[in-house]
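As structure tokens, here come the structures.
Both complexes shown next keep chain A, but they swap its partner, so chain B is in the first and chain C is in the second.
Up next, the complex of A and B:
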């Protein structure tokens, strides 16, 4: 995408200046409008989306959080119902759809939520997810892509505003708030302390560090030809099958369900929790048969879900390039490297075809 | 319906897993509602002839162990191995990596002939084991799950995924990422990632996941700056029998 186009497009929105000093005030104001969640420091060098108690703890300049935003709509663990054997009854656990404002999220994160919306709306719409998804406002922020971010290469630029209500771009004095929709307009007006900006804002280009050799719209085509590629076997040599790539993926939505009885052996709860196709029991069926026994076939399946199967259905790549699978892989398997290896394989095949 | 008769036995171990059970405190009293404990050397003197569920702690490491475990198996309807020693040989199995004579000499000196010993083995090497509660000490949540399942007559669901999964569910900061050592990516979950969640690293006390990629694990640790020798030694700490 030409950056001049981006600048033109962004400047069509109304703009306000939020000075660095005003940011905590703005967050305090947001807290009067709903429950505010934002990236905050977690541990020594990581970040996590957490409920904002103190606006001073909010971080706007961060590479990525550990868990993606999906944790708010599809919680890592969630009670689905409670049951009682004695009177043979069950009670569905209520999902309260409180008003929530997500402050300072990256464009690929928003795209991840939009992909999940697709997955949970098609077929039988999934009630718990959709209930939690209601009454949510997203305020985006710019970020500097690191060596793991593939979003740009996958067609999601830093300044992609789809789904957002406000987008924040850092400038010397603080942040320029681009108002994207009506909800965003209401928030800015409700806050009331910001100055309108009329001159053109020259958004700085944020160069992507990770590159994919082909344009992203060729990737589904590549995936039509690499099912038997040797790349899968090569990755399986390093892969430990720990499932980190599944669980932290912005768009992976698989879960498992388990009933746990209390110690009174009369009552209990049904819980669902994140699962993933890299894990041992995922494709296991009766008689201990496992139809994806090898790690090579699991990685192949995982990436086909991202670049082919769901893409054919929905028209969008289901990898948003957040880079979590690469960043947090203990074996340091890198998604960009994998895709480029598959592209090489594909190119090689095309050359062989030519030669015949 | 009468309550199931439950018994606990210890073999070569530190008896920490049994002690761990007494630490359940309030839960322990609730558990007593559902079962009759007929043998439990660490907590009572009684003996019984047969058991609905026998929990076995410790590894098999002497000829007498073999006799005793056969006897228990004959009298038990369901037999559950408790803790890593019983499940895989645990730390005891590290001795299997050395010459047996040298080990006995080192431990018992001149008295070694009075203490016959065999390589430390899991209970399952001698008799049929129905269920396993892994860990050093055994994992309390997993134990409770198996206990409740057996009393209710349903099949327990045992995880076969890595500790990484539990860290990710809890959004723990990655221990490897911080530059520490960790065996979480290849160690079987069920402990709720208690060590990485509390500033420690995973030592692999619950043994490897069933599809362990051993060479991959060594390579992973090398990538994080550990030598191959150290990587293998650390992997052997709790899993010498399974990995050699």
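Up next, the complex of A and C:
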């Protein structure tokens, strides 16, 4: 990747200086335009996207949040309808599309939302998700990739601005706000206190720490040949089947639907919950027959969904390289290591083929 | 974003529909005849399914066991095997249930016209196939021979005894039945369903087999059909998965890249022959 191209591309946008002092003011202004959500400290070393009460709590320099943005569009628990048990009737649960501004998100996070958009628009476009996605503005921020971020290796550079309205790049005085679209322009103008920057900004390259041995556009090809790879069995030896990787994945969206009855037994709600294909009962049918009862087949299914099945339809990889599955895996299974092992397997196969 | 330019759909709201008749079929199975509000027709294809729900007990995919030629009402044959289906067995005529659908890909009857039909039904697999059996009987002159092969574990599990009696008596239906474990009163054949296939005299070029049964059955039925030299192109089957949403989102019914609720449950055998985890 040529960094000069990135610098040139970014400098085509209008730029404004937001000084460190102005950032809380800018957030306060954003709060007059919609509900603002941003990364805030959760524990000493962990971060979470939360509603911004106090602009001082907003963190702009963080490696990643624990959960991806999907929780705002596909809530972990969502009421679909409420029913009256006695009359056997129900009421539709409205999805209110409030105006929301997501402040200070990373490019892979935005890409994750765009992947979810694809999944919920295709086939039967789902109103619940799409209503929540309306009226949202995303303001991106630069980040320093750590050893778990695969985004760069998967073709999503730090300065990827697709889907964003403003992109923030740190400089000595604060941040340069690159205006990406009209919504971003309106926000900068509405705030009105920023100085336009005319000189070229030399964006510092943020090298990726995690590497994948192949260019990302060769990965779908690799996944055409590794269905029977021994790598799946090797992962299964370590994997606990806890489903953390599903829950924290930027692009996983599988769900379960259950009825919850209230304590008075008069009424209740039909709710959907996040589910995960790594959990052992996910592919179970009546009579306890389970079509993916082995961890190896579940791991294989999960990664094929990221690199093959959806990719064949959408043309995009459905792993955005956020690194959450690696960072939070209790068994320390690393996605980059897994992909490299699959690549090795594939290369080995190709060598054998050539030999014969 | 183009979120606003596409037609958003309300996917998860059921139509409250009335149970108009309940038939006790076996100790564990009942047939529910259901009518949608305002006399609407379900408009299904044989082999499709609906999402059935009872508030407080959840929702589950159930295949439709009546022919689309019967309008204004439809049948669901339900085995009591879980929370929702146990609750269903306590419901009575006049009770309301939630219906979404029909969903999925049924049998394409236009491709079956003029063919000899071979129905291979294992256990409760007869329920989804009954929609197609009834359809072929309602349009009898559109089809060649109608051969029904049916196997159950024991005589007490035989579904639809009155319909079976009619099929046995009709000269234009060839009906063969077997049970794995006979009781003292059983006078018919004993053995697994695959024992009924070798004696059949089939004209394989014009025979189409429709196969539905428990997961363990498919492999053996396919072997038996292969031994009869029935071409793969002439085999259709319906696969069971727990389709939670019915609209290709929730992921539960996915086999590799295939969503059973969208591309199935009825599959043309050549399309899934190489699909691992399918059967």
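Everything below uses one rule, namely that the second predicted complex is superposed on the first by the 356 of 356 C-alpha atoms of A that agree within 3 Å, B and C clash if a C-alpha of one lies under 4 Å from a C-alpha of the other, contacts with A are read in each partner's own complex, and residues count from 1 in each chain.
Quick note on the criterion: a residue touches a chain if its C-beta (ideal position, glycine included) is under 8 Å from a C-beta of that chain, and two chains touch if they have at least 3 such contacts.
Note that the structure is a prediction, hence the values are computed from the model and not measured.
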Requested in this report: Look at A:270 in the shared chain and tell me whether it touches chain B only, chain C only, both, or neither; answer first, second, both or neither.
Outcome: second
**Report entry** Residues of chain A touched, compared between chain B and chain C (which is higher)
**Finding:** C
Query raised in the report: Just chain B (first), just chain C (second), both, or neither: which does A:261 touch?
Result: both
Query raised in the report: With the two structures laid over each other on chain A, which partner does A:89 touch: chain B (first), chain C (second), both, or neither?
Result: second
Requested in this report: Determine, under the contact definition given at the top, whether A:314 touches first (chain B), second (chain C), both, or neither.
Outcome: neither
Requested in this report: For A:350, select first, second, both or neither according to whether it touches chain B, chain C, the two together, or no partner.
Outcome: neither
Query raised in the report: Touching chain B and also chain C: which chain A residues?
Result: 258, 261
Query raised in the report: Inside the complex, what are the residues of chain A that reach chain C?
Result: 80-81, 83-85, 88-90, 92, 117, 119-128, 130-131, 133-134, 163, 227, 253-259, 261, 268, 270, 272, 275, 277, 282-287, 289, 291-292, 297, 301, 304, 308-309, 312
Query raised in the report: Tell me, which parts of chain C touch chain A in their complex?
Result: 1-4, 6-14, 16, 53, 55-59, 79, 81-82, 95-96, 98, 214-215, 240-242, 244-245, 247-252, 254-257, 262, 276-277
Query raised in the report: Once bound in the complex, which stretches of chain A touch chain B?
Result: 42-46, 48, 66-67, 71, 76-77, 236-244, 247-248, 258, 260-261, 263-265, 273-274, 276, 279-281, 293, 295, 328, 330-332
**Report entry** Contact set on chain B toward chain A in their complex
**Finding:** 27, 30-31, 34, 144-145, 148, 151-152, 157, 159-162, 164-165, 168-174, 176-178, 182, 184-186, 209-211, 213, 215-217, 219-220, 223-224
